[in-house]
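Please find the structures below.
Two complexes come next, and they have one chain in common, subunit A, joined by subunit B in the first and subunit C in the second.
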Partner chain A sequence: MRNTTTGWLLIAPTLFILFITGMVPFLYVLAVGFLDWNTFAANPEPRFAGVENFRALVFDAAFLKSLWLTFKFTVFVLASQLLVGFFLAKMLMRNVPLKGLFRTIHTLPLMIAPIAVGATWRLMTVPGLGPIPHWMQQWFDISYVLSRFPDQAFATVVIMDIWHWTPLVTLTLMAGLSNLPEEPLEQARIDGAGEWRIFWDITLPFLKPVLLTTIFIRLMDALRTVDEVWMLTGGGPGAETRFIGLHIWRVVFPKTDYGYGAAMSLITLYLTIVMCWLLYVAMTGMKEKSR
Partner chain B sequence: MNRGILYSRLLTFLFWIAMSALTLLPVWWMFLVSVRTRADLFGKPSFLLDVQAMTWENYAAVLSNPTFQKYMTNSLIVATSNAVLVSVLALLAAYAMSRFALVGKDNLFFWVLTNRMAPPAVFLLPLFLMFTGLRLGDWSLFDTRIGLILLYCVFNLPFAFWLLQGIVDAIPKELDEAAYVDGASTFTVLTTVIFPLARPGLAVTGILTWVFAWNEYLFASTLTSVEARTITTGLAEFVTVTGTNWGQLAAVAMLTLAPAALVLALVQRHIVAGLTFGAVKG
Partner chain C sequence: MLKLLLASSAIALALTAPARADFWSDAGAKLQGVTIRGVSESTPPSNYVRDVLAPQFTAATGIKVEFETTSWDQMFDKAIKDMEAGSGIYDFVYIEQDIIYSYLARDFLVNISDALEADPSLQAPEFKIEEFTTFIDNFRGENGDIFGVPMEAFIKVYLYRKDLFEDPAHKEAFKAKYGYNLAPATTFAQWRDNAEYFANLDPNDELWGTTVQASSGHPASFYEFFESIAPTYGVYDWGIDMAKGAATVEKGGRMNSPEAKEALAFWVGLLDLAPPEATASTWDEVASTFAAGRAAQGWVYGENAAWVATNPEKSTVVGKVGVALPPMNEGVMAAAEAGEGYIGYYDGGAFGIPHSSKNKEAALLWLQYIGQPSVQADWAVAGSRVVHQATFDAPKVMEVDAKADGYFTMMKEQGHLFKGAPEFPFHAQVREVVAPFIYEAIVGTMTPEEALDKAAVAAEAEMAKLGYGGN
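Entry: the complex of A and B
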C-alpha cells in the first residue's frame, strides 16, 4: 500500500470544509443555547444562563404549537405519500405505452426548487387569479381564502407537499417492487392465497427495507420543510402553518433572541435525531429478523 | 391479445395521461400567468393558451431589471463554482477513500454523510454569527458569493463524495497500479487514469449538485442582503415586497425552475439513488 499521507492529503480539503461548515456551527449552536443573548435587549451582551432557555421552552406555547403542527404535517404527508406512492408505483410497473415519458413527467416536481414550488401553488390559490378558489366557489360554493381559513391553509400545504414529494416515494417503491422475487408470489397464487393475503405476508415483508428507507428520508425532509410553505402561506394565517423551521427563523432573525433560538434549534435537532434513531433501530431490527 | 388485457392497458394509459396532466397543471398555469398581460389575468381562469394575446413583456421586464440580472448572475456563479469545487474535492476524497488504508475510514464516511442530513434551520443562527463575526478588516463572509459557495458544500460535498465513491470503487485498481509501476505520480494517475474513466459519473455529480445549489433558498436568504442575493431569494422577495405583480413573479419562477426541468431527462435515472443516498437504486 502506498503512503497513507498522500491519502490524507487528498481527503483533507473535504474534511476541512465540512468541519467548518458542519461541525463548527453545531458546536457553536450548542454553546449559544446556554447563553442569555438578545442583541435588542436592554443588556445585549451574552451572559451564561445555564439551562434557563430549555426550561422556558418546555412552557413556550408558541414553540409547542409549532412542534405539534410540524408533527401533524409530517404524519399527514407521510401517510398520504406512502398510499398514493404505492398505488402509483404499481400503476407505473404495468406495461403501458409511453411509460418512460410518464415517468419523466412524474419525476419533474422533485427537481423544481422548493421556493418555485411555493410560487407555483401560490399562483394556483390566489383569490381572484388562481383557478382553485374559482373552482371551489363554482362547484362547491366554498369560500377558499388561504389567508383567512387555517384548515384550508394546512390542507393546501399538505396537498402541495404531496404533489412535490410523492414521486420520490413512487420511484423508490417501484425500485423495491421490481426486485421482488417471483417464486414465493407464484407459489402463494398456486396455493390459492388472496391478493390481500399475498400483499400482507409476502410483498410487505420483502418491501420493508425499501419502505423504511423511504419513510426515513421523507421524515427528515418533512420535518425541515420551510421554503415552499413560506412562499405559499408565510406561516399563516396567524401561526397556523408556521412549522418548526419557520418558527426558529422568526425567533432568531426578526426577534434576535439568539440564546433562546439556539436552545430551540437544539431541541429540534434532538427530536429529529430521536425520531430518526427510532426508525433506524426499527430498520436494523428488521434486517436481523429477516436473516 | 385478449380483450381484458387490452382494456386494462388502455385504462392504465388513460390513468397516466390524467396523472401527467395533474402533475403539469400547476406549472402550466404558472407559464400561462407569465405570458399574459395584467388585464388578462383576472376573471374566469382559462387553461388554454391564447397565442394571439401572448406576451413576453413579463420576461422582458424581469430580464432587463438590473437587480434581477445581478441575482441571476449570482445564482449562476454560485451554483457553477460550487458544483465544480464539490466535484473536484469529492473526486480526490473518493480516490483517497477507495485506494488508501486510512484509519477509521468507515466512521469518517458516516460522519461526512451526516452533514447532509442536518436540518438547515437549526444551523442558521451559528452560520449567521460566523458569517458576520469573522472579519478581515471590512470584509466578512456575510453577503458574499464566496460564502455561499463554501456553505453549499455542507449539503453538496457529502452527496458528491458518496456518489463518486461508488464510481471510483468501480474503476479497477490494476489500472492505476500499472501507472504507478511506470513511475507516474498520484497527480498523473488522477488526471490521466481516474478522471477520464470517472467522467460520466462526474457529469451526473456536477449536474445534480448544480441543481441543488441553484435551488437553495434558506441559507441564501439569511446569509446575504444585497450583493450576493440569488434568484431564489429574488423570487421570495417578489411576494413580500411588490406583492401583486403576479405576471413577473410567474416569469421569475419559470426562470428558476427552467434549468432543473431541462436537465431532468439527463439525470432522472440517478435522482432516486441521489435523494436516498443509494439506499434505494432507481
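Entry: the complex of A and C
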C-alpha cells in the first residue's frame, strides 16, 4: 500500500505537467470546437454553435480533399520508408566497406529541423535558381516547376519526406534486427528454408514490436506534417499539397476561424486514433493468425 | 563600419539639431533602460528601421529597440495573436494599410492623437501630422484621430527594360513582326505583344516577356490580380459591394463580371511568357526576377524600385530601368481622376501601438522619432518609400529619382490615381476563401470564368457567415 502511495507521489509532478501541457489544451480545443468564433466577424464574441462546425465539415470539399491528400501522402511515405529503411538496415548489418561513414551520412537528415529541410529543398527546386529544374531540363527535357504541376509537387514532397525520415526507420529496424535471436534463424537454415521463408516466418514476427512502434511514430508524424511542406510548396499549386495540418493552420491563423479550425483538429485527431487502432488490430491479428 | 556610421550619425544629429537632441534626451530621461519591441515584414524600409533608425533612437533617448523583421505571414500572425491575447509582447506593430480596418474594428490600437494630447511632455516638436502625405488618412479613425504613424508608402508601377525597348535592332524586329512601334505598353494587347516578342527571342537567353506575381500557394497572387490588374479593367475593391455583402453580379457585386473574367484571362495568359518562377513568385521574387534581368517588363512594388534601378550590388539592370503607369482600359483613367476609381495599388503601412503594450510612452516617442522630417530622405533612398510631402523635393531623393526614371516624381504627381486596399474589416477572411480559386486559375485546373464564378459565391458565403453586408 505504502509502495503504491509513494509511487503515485513520485509520478505526481510528471502527471501534473502532462495534464497542464496535454489535457488542458485538448479540453480547450474541445470546447472551442463547439463555438462559432471568428475574432474578425461582425460579432467577434464566441457563440455556442452546437455541432454545426462538425456538420459543416462533412460537406466541406476543401477539408475532405485535404484529408484525402494527407492519407495518400501518408501511405506513400510510410510504405516507401519501410521498404527503403528495411533494405538499408539489412545492408548496414553486413560488413560492407565504409559502412560507418555511410551510416553517419545517412543519419544526417534526421538532425535537420523540418523547416530547414523545406527551405533547402525549396532552394534546390526553384526554377531559375535551383539545380534540380536545371538538370531535369538539361538531361530529360522535363519542365520541372513545382508551383505549376501538381503531380511534380506531390511527388517532390513525398521524396523530401522519404529523404528526411527514412534514416529513423533504418535506425529502429537495425536495432530490431540486431536483437533477433540467432537460434531460430540457424535452425531454419539447417532445415533448408529459403531467405524469403526465413524473412516471412521468423524475421518479420520477431520484428513486429519494433515495426509496430516505427509505423505508429511515422504514421502520426506523416499525418501532422506541416513545416516542410509549408516551406517547400506552401500547400500549392492550388491546394494540391495542402495536407490537413497546413489546411488547419490556414483556417485558424490567417482566417482566424477558431471554432471551425478546432473542429477540424478534433476530427483529425479522431481519425488518427482510428487509423492507429485499425493498424494495431490488423498487425496483432496477423500475429495471432500466424501463430 | 556600421557602428562607425551610427556613431557619426548620432554625433551629427547632436551637433546640427540641439533643440531636437534636447527634446529626445529630456523625454527619454525618465524611460532610460526601457526596451520596446516591434515586429514588421522584412522589407527594405523595415530593414532600414532595424539597422539605422533604431540604433539612432537608442543613442538619442536611451530607450532600446528590439525590432523583429520576419516574413509577411509570420508578421501578421505574431502581431494579431499578441493583440488578441493581450500578452503585451510587442510595443509597436506594423499595420499594413489593408489590415487597419480590421484592427480598428477590433479596437486593437492606441489612439495616438489622444495619447499625445494627454501628455504634452511627450510631443516631439518636429513631429507634425500635416507634413505627411495624404497616405496618413488611411490610419485615421472615424473622428479623424491618428492610430498609426506611416513608415512606408509606395505605388505598384510598371517597370520595363529601357535598354531593350530602346534597342534599334529590337525596335526594327518588333515593328516588322507586329506592325507598330515597340514601346512601353499602354494597352493590354500591347503588353502581351511585348511579352511575346521578348519571350520568344531566343529559347536559351534566360529572358522572358513579363513578370507575373502568380504564386500558386501564396496570397501574393490574389493581391496582384485584385489590386493591380482588376482595377485597370475597371473592377474596383475586389469586385465586392460591402454594403450589400455582394460579390456576384447577380447580387450587385463585380467579382465575376465580364471585365473581371477578361482581366483574369489576360493575366493568367501571361504565364506562358513569364519566367518559370512566376508561379512561385510573391512580391519579393518578382523584384528579384526583374533585378536579375529575367523579364522585359512587369508590375513591381515601388518599395523595390530604387534598389532595382540603382544598386549594382543587388541588381543587374542598374541604369536600364524605365518606369511608367500600367496599361488600362478606356474610362479607367477618367474614373481615377474623378475619384471614382483607381489605376493600381498604393501600398504601405504604419507603426501603431497595441493597447496591450507595456511601454506605451516609449513607443509613442519612437513613433514620433520615425515620423520626423529629418530621417525621411535617407530612408526614402534606402527603401523607395515616401510618407512626407517634402521628401519628394529632398536633393538625395531627387538624385535617386533621376536614376530611377522618375519613380518618385510619378508617385508625387500621379500617386492620387492609385489606391490602397478597400476598407474591409473582413480582409484576410475573404481573401482566404477567394485566393484558392485564383490558384486554380493559375494552375489551369479551372478556367478564369469558372474560378471567378466560384470565388464570388464563396466570398458572399463568407461575408454572410461573418455577419457583414446585411446578409
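Worth a mention:
In this section, the second predicted complex is superposed on the first by the 255 of 291 C-alpha atoms of A that agree within 3 Å, B and C clash if a C-alpha of one lies under 4 Å from a C-alpha of the other, contacts with A are read in each partner's own complex, and residues count from 1 in each chain.
FYI, a residue touches a chain if its C-beta (ideal position, glycine included) is under 8 Å from a C-beta of that chain, and two chains touch if they have at least 3 such contacts.
Because the structure is a prediction, the values reported are computed rather than measured.
In the superposition on chain A, contact of A:F253 is made with both subunit B and subunit C. Ranking subunit B and subunit C by residues of subunit A touched puts B first. Contact with subunit C, but none with subunit B, is seen for A:G235 once the two complexes are overlaid on the shared chain. In the superposed pair of complexes, A:L129 makes contact with subunit B and with subunit C alike.
In the superposition on chain A, A:T39 contacts subunit C only, with no contact to subunit B.
Contact with subunit C, but none with subunit B, is seen for A:L146 once the two complexes are overlaid on the shared chain. Residue contacts after overlaying the shared chain place A:I244 against subunit B, while subunit C stays out of touching range.
Residue overlap on subunit A between its contacts with subunit B in one complex and with subunit C in the other: 126, 128-129, 234, 253.
Those residues of subunit B that touch subunit A in the shared complex are 8-9, 12-13, 15-16, 19-20, 23-24, 26-27, 29-30, 33, 41-42, 44-45, 47, 89-90, 92-93, 95-97, 99-103, 108, 112, 114-115, 117-130, 150-151, 153-154, 157-158, 161, 180, 186, 211, 214-218, 222, 232, 235-236, 238-240, 246, 249-250, 252-253, 256-257, 260-261, 263-265, 268, 271-272, 275-277, 279-282.
Note for the complex: subunit A touches subunit C at residues 38-44, 62, 126-129, 133, 143, 145-148, 150, 233-242, 250-251, 253-257. Listed in rising order, the residues of subunit C touching subunit A in the complex are 73, 76-77, 80, 84, 102, 105-106, 206, 215-219, 271, 275-277, 279-280, 289, 292, 294, 425-426, 428-429, 431-433, 436, 439-440, 442-443, 445, 465-468.
Remark: subunit A residues 1-2, 4, 6-11, 13-15, 17-18, 20-22, 24-26, 28-29, 32, 88, 91-92, 94-99, 101-116, 119-124, 126, 128-131, 134, 163, 168, 171-172, 175-176, 210, 213-214, 217, 220, 223-224, 226-227, 230-231, 234, 244-246, 248-249, 252-253, 258, 261-262, 265-266, 268-269, 272, 276 touch subunit B in the complex.
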